[in-house]
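Look for subunit A in each of the two complexes below; its partner is subunit B in the first and subunit C in the second.
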Partner chain A sequence: MDLERFRERFGDKVKIDKNILTLADKKDLIRVVKFVSKYFDVLYMLIVVHRPPKFELNYIFSRYQDQEIIQIKVEISDKENIASISNVFKSAEWEEREAYDMFGIVFRDHPDLRRILLPEDWPGHPMRKDFVVTEEIKHWTGLDLKF
Partner chain B sequence: MGEIELNIGPVHPATHGVLRLKARVEKDTVLGGDVEIGYLHRAMEKIAEQRLFNSFFPNVDKLEYVSALNWEILYASVLEKALGIDIPPRAKYIRVILAEIQRIMSHLIFIGAFGQDLGNITVFTWALRERELLMDIVEKISGGRLAPMYLRVGGTEYDLPEGFDSMILPVLDRLEEKVNKDYKAVTYENSLFKMRTKGVGVLTRDTVKKYGITGPNMRASGIERDLRRSEPYFVYDSLDFDIPVEDAGDSYARFMVRIREIQESIKILRQAVRALPKGNYINKQPWMFKIPPTEAFVRQECPRGEGAMFLVTDGGMKAYRLKIRSPSFYTVQAMPEIIKGARVADLFTIIASLDPVMGEVDR
Partner chain C sequence: MKVDDAVPNEFSYPGLGEIFITNTRKFINKVLSWGRANSLWPLTFGTSCCAIEMMVYGATKVDADRLGNLFIGDSPRQADMIFVSGTITKKMARRLLTVYQQMPAPKYVVAVGACNISGGLFWDSYNVIDGIDRIMPVDVYIPGCPPRPEQFLDAVKVLQKLINENKTRGGVYGPREI
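Up next, the complex of A and B:
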């Protein structure tokens, strides 16, 4: 796919390197993603990388007619929230729930932002780099038991 | 009688693991539902950050216990891409052979479990009997059965055993005969089987595209796409095989795609065994190694769809972040939409025909 289209449309708001688009500002995310949805069918993966004090969100989009993929990279501070893209790409719904579950990122306007893999009363968000795996966590059962 | 909520699972013999389905039911029609996952979550991605790259191989086996070798190959490939190393031609062929053996084994489990859910125990025992033949071969190759731990960065742990072709070729002949004759009689040419599966749980092309469903489920809905063909890795571009596609999108089509994929895998295996080159089988790497800061993304065609791994490294001996894309995760996400309007009795047919493996969904 010709990524020049993105350069024409968004100018210096995006930085293009091969098939990786880096957004300068997280506010542009929804606009860029809507533009992506003209050419791509589905959110293929959402990869969150915690580099304290920042989260790096990598959205990979793919389409069914060929093997093109595009990766959109956006950085947010680990205390901020970000807009949900699930009303543009339906498959983002569970991926964003997983990101919330594992990292505690709040996605604004998400229809159903709950934990997905962990129990509802799990303490904390385990994939964050500042999450400490204590003895208590290792033996966590959800019940009031003492080991 | 009004609407009731019917809870199925998480521990139920027909949900193929620990899938919990909360269906809203009126009389015997399903109005909708909600899926709950996470009962088999084992923190695989967190463990990957705490182990040496090579020490994570045993965990990849348990990630998806029905097609362990495919995921091992995927994990080895992502490490090789991050390291920027190439593997010898023999190793490529060995990996193709292993991937196809595992694909057949995985589809046989599907056929067996599907038969069992329809009340057809005969095909369940038959499928496990044929799988056992391949299981013995995997055992002779690697020493393991469900969890082989055979792959290494740069190749494989050992070479294939002596006389490998005389071991596998008779098994393939037998398997082909069974799939084409015996299985045909009790499943896909059987009128009862057709009644239970045709038109049940139709997955439309739009739903496939909306949720990102891949693999046999997608091909049963009329989309021709296979990473082995369109983005060939290893030696798939030099092998001759077809991509089975069905248009109906129902449970029967999903079954047929898998039956025909077994036949194609047999074809691939025969070619790969014949063309297997001599020589080195591993580009040996040290047990402990560092990977400079980089990002690597690899995707391959696993039996349940497109599996992918995204590895982020920081120059250390452990992964900084490893994200696993499980194809079943996306299929299960679409389940509420697929079961809408179905009969309660067909619910298990639909779940079984989508072939989710919860170990892979929950990671």
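Up next, the complex of A and C:
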């Protein structure tokens, strides 16, 4: 996989460093991912890092024929939302649900944006830096029990 | 006359029938708790590593069957007790309670491992129930992370003793409010 193709196609919209593509603008995400999907089969993982006041989203793609890996890095503000890539890579659906669950990132045009790991009525998004585990949250059961 | 006096009075002498009549409830309770204590069919609720030890407990080396603790029907409807073995997350708590409510009334709970007693490693976590005694009445606790299979044997012995002495928390009629 020669990364020159990306340089030709997107010019200075993408910054290329080894196999990490850093997008300058989040609006290009779908276009870049569609281009990536010509050469890569699998969305390996979606890693989200919270660096207040920004979220750093790392989409890592891989393919079956060799061990090539490519990473797309997008930065958004933690109040913004971002387009879902589940139209292009179907497996992104659950990855994005997890990102929504843990960080509260809203993905636009997602078919089924619900929580995936935590209960549906759980208060807050635990992986955010401004989230504090209080006694109330620690003892929350979501059950009406008199014990 | 002296011979008549020597004959014991039938009514003052505690015959077998009298014991039955006066102590019927006590006797029936004794028989019931003897039966309950010696045929504890467990429901295996394994969510993590404690479940592996529970399997060893059911296997031949540490034989569960000799205490009448038969791993037969893994259904809540046929179970007398439940081994809650493994970390209970907040999402799982509701499922555990649903399973618990499906069990017929004389039901006993054994909390296996550190996670079920106090939260264990995850005592500080946002997503783990810190002690299942906050959601259901627990009769016996097995400490350890994970506990040895022999400790399960001991726990069942303790539970049998508690049932015989009528000291279980779930009791005959189940928990008070659930």
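Just so we're on the same page, the second predicted complex is superposed on the first by the 143 of 147 C-alpha atoms of A that agree within 3 Å, B and C clash if a C-alpha of one lies under 4 Å from a C-alpha of the other, contacts with A are read in each partner's own complex, and residues count from 1 in each chain.
We take it that a contact is a pair of C-beta atoms (placed from the backbone, for glycine too) under 8 Å apart; a residue touches a chain by one contact, two chains touch by 3 or more.
Since this is a predicted model, take the numbers as computed values, not measurements.
In the superposition on chain A, A:Pro126 contacts both subunit B and subunit C. Of the two partner chains placed around the shared chain by superposition, subunit B and subunit C are both touched by A:Leu118. Applying the stated contact rule after C-alpha superposition, one finds that A:Tyr64 touches subunit B and leaves subunit C untouched. Contact with subunit C, but none with subunit B, is seen for A:Lys138 once the two complexes are overlaid on the shared chain.
Touch criterion met: A:Met45 reaches subunit B, while subunit C stays clear of it. In the superposition on chain A, contact of A:Phe35 is made with neither subunit B nor subunit C.
For the contact definition in use here, the residues of subunit A common to its subunit B contact set and its subunit C contact set are 117-119, 126.
Across the complex, subunit B is touched by residues 41-45, 47-50, 58, 60, 62, 64, 66-67, 71, 90-91, 93-94, 102, 115-119, 126-127 of subunit A. Of all residues in subunit C, only 90-91, 93-94, 97, 124-127, 129-130, 133-135, 137, 177-178 touch subunit A in the complex they form. Residues 117-119, 122, 126, 133, 137-143, 145-147 of subunit A are the ones that touch subunit C when the two sit in their complex.
Subunit B makes touch with subunit A in their complex at residues 37-38, 41, 43, 45-46, 208-212, 218, 223, 225, 227, 230-231, 297, 308, 310, 312, 320-321, 323, 325, 329-330, 333, 362-363.
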